[in-house]
Amino acid sequence: MIKVGIVGGTGYTGVELLRLLALHPQVSLRVITSRADAGTAVSQMFPSLRGFVDLLFVHPDEAHLEQCDLVFFATPNGIAMQQARVLLDAGVRVIDLAAEFRLQDITSWEKWYGMTHACPDLVAEAVYGLPEINREQIKSARLIANPGCYPTAVQLGFLPLLEAGVIEVGSLIADAKSGVSGAGRKAEIPALFAEAGDNFKAYGVAGHRHLPEIRQGLAFVTGGDVGLTFVPHLTPLIRGIHATLYGKLTRDVDLQALFEQRYSNEPFVDVLPAGSHPETRSVRGSNRCRLAVHRPQGGDTVVVLSVIDNLVKGAAGQAVQNMNIMFDLPENTALNIVPLLP
Amino acid sequence: MIKVGIVGGTGYTGVELLRLLALHPQVSLRVITSRADAGTAVSQMFPSLRGFVDLLFVHPDEAHLEQCDLVFFATPNGIAMQQARVLLDAGVRVIDLAAEFRLQDITSWEKWYGMTHACPDLVAEAVYGLPEINREQIKSARLIANPGCYPTAVQLGFLPLLEAGVIEVGSLIADAKSGVSGAGRKAEIPALFAEAGDNFKAYGVAGHRHLPEIRQGLAFVTGGDVGLTFVPHLTPLIRGIHATLYGKLTRDVDLQALFEQRYSNEPFVDVLPAGSHPETRSVRGSNRCRLAVHRPQGGDTVVVLSVIDNLVKGAAGQAVQNMNIMFDLPENTALNIVPLLP
Amino acid sequence: MIKVGIVGGTGYTGVELLRLLALHPQVSLRVITSRADAGTAVSQMFPSLRGFVDLLFVHPDEAHLEQCDLVFFATPNGIAMQQARVLLDAGVRVIDLAAEFRLQDITSWEKWYGMTHACPDLVAEAVYGLPEINREQIKSARLIANPGCYPTAVQLGFLPLLEAGVIEVGSLIADAKSGVSGAGRKAEIPALFAEAGDNFKAYGVAGHRHLPEIRQGLAFVTGGDVGLTFVPHLTPLIRGIHATLYGKLTRDVDLQALFEQRYSNEPFVDVLPAGSHPETRSVRGSNRCRLAVHRPQGGDTVVVLSVIDNLVKGAAGQAVQNMNIMFDLPENTALNIVPLLP
Amino acid sequence: MIKVGIVGGTGYTGVELLRLLALHPQVSLRVITSRADAGTAVSQMFPSLRGFVDLLFVHPDEAHLEQCDLVFFATPNGIAMQQARVLLDAGVRVIDLAAEFRLQDITSWEKWYGMTHACPDLVAEAVYGLPEINREQIKSARLIANPGCYPTAVQLGFLPLLEAGVIEVGSLIADAKSGVSGAGRKAEIPALFAEAGDNFKAYGVAGHRHLPEIRQGLAFVTGGDVGLTFVPHLTPLIRGIHATLYGKLTRDVDLQALFEQRYSNEPFVDVLPAGSHPETRSVRGSNRCRLAVHRPQGGDTVVVLSVIDNLVKGAAGQAVQNMNIMFDLPENTALNIVPLLP
């Protein structure tokens, strides 16, 4: 059994980790920390967990995380980078669901996240936890930077095209739409039901923190800089990201075959039949990414539609997938979930 | 392995049965029928099932249902009563998710459902599939009348009070609110997003088909007629029923203890701590019923709050629970699901 | 022109007042205060008002409210009672949309609202601003206690029955459902889209602040105490209250005629034809209350369905209606609005 | 008073026309037709209109539309083209809210709409009713082709850029998101609450009927063909379209000034301050289009955000705006509406 700890279990990625780990046959959930809610039963805050999780939230100082085999950080940015080294030194493996270890360019990270990085050297060691790219490195990693939600949906959609070199890399467009849970479980007015409900808007058009992460990921594939316009939007659903991706074809290619071949062995990437339109609900609660590729009116613009559940493949599910890989378990352990539809 | 067939797999109870049965370790899903969609892949209609269900819909005439051990009817009213006898005679056990075998009073059934009953004698044999009442009879039943969604939520809430004889039986009130999936996957204007969204209304105040079913169930407990006012409402959520139940106490009693004791051995009924307010999302996608009991301001009115997922404990999940009981399997097989929150 | 000031214009009742007053032909909107947002353009916070309201939020200390003819308080509880006397002394009339002047029993108010009342004597003078009861007193009032949203929907529904003396007054039940805007524009986790969306729950079953207000209003009609069980629920819509009311008939009566006669001259109360089910969206954005009365199965339980828009007839619209009465204007001035459907 | 008739008043554009016209001071609403619902009171189908519209639906054969000054067609495609000539010959002016007179290329129209056009010569006469382009022609038009919802949002966003000639015309992208009311009040499964709720998807990527309409409109401005990729999406809100538009700048230009100048005299187009993100709710129920223009990271991609209420500026409101222009009334008569927020 893998002894697991979770730091910061009161947010949406935290409760989602608990949902998945509660039924994981190889996981012994040891400790969940919360500074503000120490002493509260987890199932009191999240009644959905009644009968599945018996733990209380524990103050970080009393968590004894060093006794775990693996610790997930489901914390706001700025926490994991303070605590990761001690854990790693104690032999604990770490998966960070926040952004601290995602950007190799520390300067860029500090600019976008507005803080000084506490451990730049660990960034160099961290493995970017997108299994479809880095499965081998993940196996032996001590420290995983779990990808962001938008970056997961966007990278999986562009990957086959960029690897095959069939689109212009200088003028990519990612028009992405996210459910409101992506904003986290934070008391903020724009995320209120009466604000975000029955409403649709773009945000962060001038620049969003996930932009450099996506660019880094895509540049890793192309071997050089990419030009990307990334426009995120907020849509009134709880879970789900739909990324609509646009690229300019540089040569003729069987797009459907390209995508199917690229992902033929990927357990969590599903390429839909030609002409399909994936729906966010078709992955609700599951770790799948579903993709469709179009070439409207046979022109030179390729359109990729990519959907994930932002809390699963975009966060907690991908983290569990990474854990399974790290501990040499079947990759879909505890992730063999039929999406909830309707 | 239990050889299972589903008649009428294109509605919401059908897809929900598929979601649950696809991961049931003792079930071999043999056939799913649909007159209108024969030949279509199930996963084309419900992309959530891609990778889990490989079957095509089959025309009823070619379904060979008699080769199954168990057949679920997830059909509109009027179908199961035409086909049940042949199956039973062939040794197939039947669970009907429609209403044909729920009311023992055939005259009443014919009045409320507006058709002539095709096999009144089978009604007498049918076991009402509410395990919390009829677990023993279910074990050996050939034919199960799976309860309606409202009746499940309402009966589980009133049961402890009526069994203990602590409320007036002549003036019960059930104010129930249902998500829109309760109306089924039918092309009807009132169920459109632009009609049912951002809207709340009562319906069927003059009389709803679930009223006689609830009355029959409660009368079974009290041993005599009950007086019940039942007002259903439509609320803009997809899944979930919240029943708010009112009764007049006839004597002092420890209500919390009463409820906890009644359901202490029930795997799918969860009595919340005193003072709680169960939320529909706390059971989303799961087979639980969560209950709370209140006595506002210490008066003589008892208020019970009861939530279920109408498609699970209110339909497909309860059907699987009944199947597990009938085939002597652990009752939570394939039903050990953490609710999806948020 | 009536010179109008608004104290606390950044909440939902504030922006709703602005929506209505912006097109009121007899109102000159002079000043809107906000301590936190002084200096910000109103239309920057609420882009819906661009082109209609050019004012900036002003700090209370610089508002010169005493120069107004009328001041609306759209503030949290505890503000109006501090400031009302000075304004009244200066000859300004006051409409308080908060709860400070609603309960004549100061002890009860202090218990339910958890603070000491600053001006009990003004409470005695204040007129409860439900025009369907108090139209005459409103005309000459200096100080209006604008009713709460639940109390408006519940009182209008029970009124005809209690005035006619046809139901038991000791066992009334009000099962009420509110949209999330009723919780105000406050950064609180339970009101987040990802918490309140796709979810339904009761709250405050043990006791809600609107309970004593409703009881007081009903007792005023009956001339004695009433027994009322009041259960509020949160439903995932932005605007709207649906109150389902239950009473026990004490004698036979033509309920439809009773309701139609009672409200025949009321411009904002609409009694629907027999057998109707009012929908919240049928009053969205308007000052109407729509009612239907039922007697299910001809029994002795009467069921009244009452819908309002909580921000209009339940708050800002009723306040404008009161203003119109106070200033001898046609009662529907600026309130002649067709509800927004769909 | 303008004598007005409406053909096909039972859909969402019909009830929206009624909402607006009911309070229009210069309109006398004479007749509303419905083949299926003749004899039914309009306010029975749409209770929001109780107290505002007293008419019954009338069978088309008994409508005497030739006695009107103006007839709106709020019908499915294929009706107006059958009836327009008779009305025009009788001196009645016509505004068609369907698509029959929008495309000047009859062959294209017949391909996209799958029927033979009944009166190609009238198409040549029809004026495309986008006042921001064709105000002068609208004044004297007998027959108006009221624009589609997507085309309105997209054209108003691209117009300033194309008129100024500052973007490449061969690679435009319009990523558009629509509320579900855009699908009309039709009983179809994909528009059910349980299908479209809590879900997001693209549709019609291979080709949507509004594509040729948008291309025609943009080509009219540029004087030559444009290359446009148009991807519509369905988002779970009732009303609203958000179009996110992408173009490649060909030269440096003050984008903010360009947009502000282009629309400085337009009563229903509002250019937001630089850096803004318009929300669909900021135009809910109103005839405004709100725009923002961005140049992310100072690159050569321009991003325009354009929001309208699809039922108002995208349909009924624009039709009333056209009527006001045709009858020489102030353009905002009956359209001076503050958007409903929240």
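As written, the chain order gives the labels A, B, C and D, with residue 1 at the start of each chain.
Basically, a residue touches a chain if its C-beta (ideal position, glycine included) is under 8 Å from a C-beta of that chain, and two chains touch if they have at least 3 such contacts.
This one's a predicted model, so the numbers in the text were calculated from it and none came from an experiment.
**Student:** Let me check something: if the centre of a chain is the mean of its CA atoms, which chain is farthest from subunit A?
**Tutor:** Relative to subunit A, the chain with the farthest C-alpha centre is C.
**Student:** Does B-C or A-C have the larger number of C-beta pairs in contact?
**Tutor:** Output for the comparison: B-C.
**Student:** Can you give the whole-Å distance between the Cα centres of subunit C and subunit D?
**Tutor:** 36
**Student:** Starting from the mean Cα coordinates of subunit B and subunit C, work out the distance between those two points in Å.
**Tutor:** 39
**Student:** Between subunit A and subunit C, tell me the centre distance in angstrom, where each centre is the average of that chain's C-alpha atoms.
**Tutor:** Comparing mean C-alpha positions, subunit C is 45 Å from subunit A.
**Student:** Return the residues of subunit A touching two or more other chains; collapse runs of consecutive numbers into ranges.
**Tutor:** As it turns out, subunit A has residues touching two or more other chains at 12, 179, 181, 185, 194-195, 197-198, 236, 238-239, 278-279, 281, 284, 342.
**Student:** Can you check the complex and tell me which residues of subunit D touch subunit C?
**Tutor:** 12, 15, 18-19, 22-23, 46-52, 181, 185, 197-198, 238-239, 270, 272, 276, 278-279, 281-286, 288, 290, 311, 336, 338-342
**Student:** Can you name the residues of subunit B that touch subunit D in the complex?
**Tutor:** Counting only subunit B, the residues touching subunit D are 12, 179-181, 183, 185-189, 191-198, 236, 238.
**Student:** Which subunit D residues qualify as touching subunit A in the complex?
**Tutor:** Touch list, subunit D to subunit A: 171, 173, 175, 177, 179, 194-195, 197-203, 205-207, 227, 229-231, 233, 235-240, 242, 244, 246, 248, 275, 277-281, 284, 294, 296-297, 299, 301, 303, 305, 307, 342.
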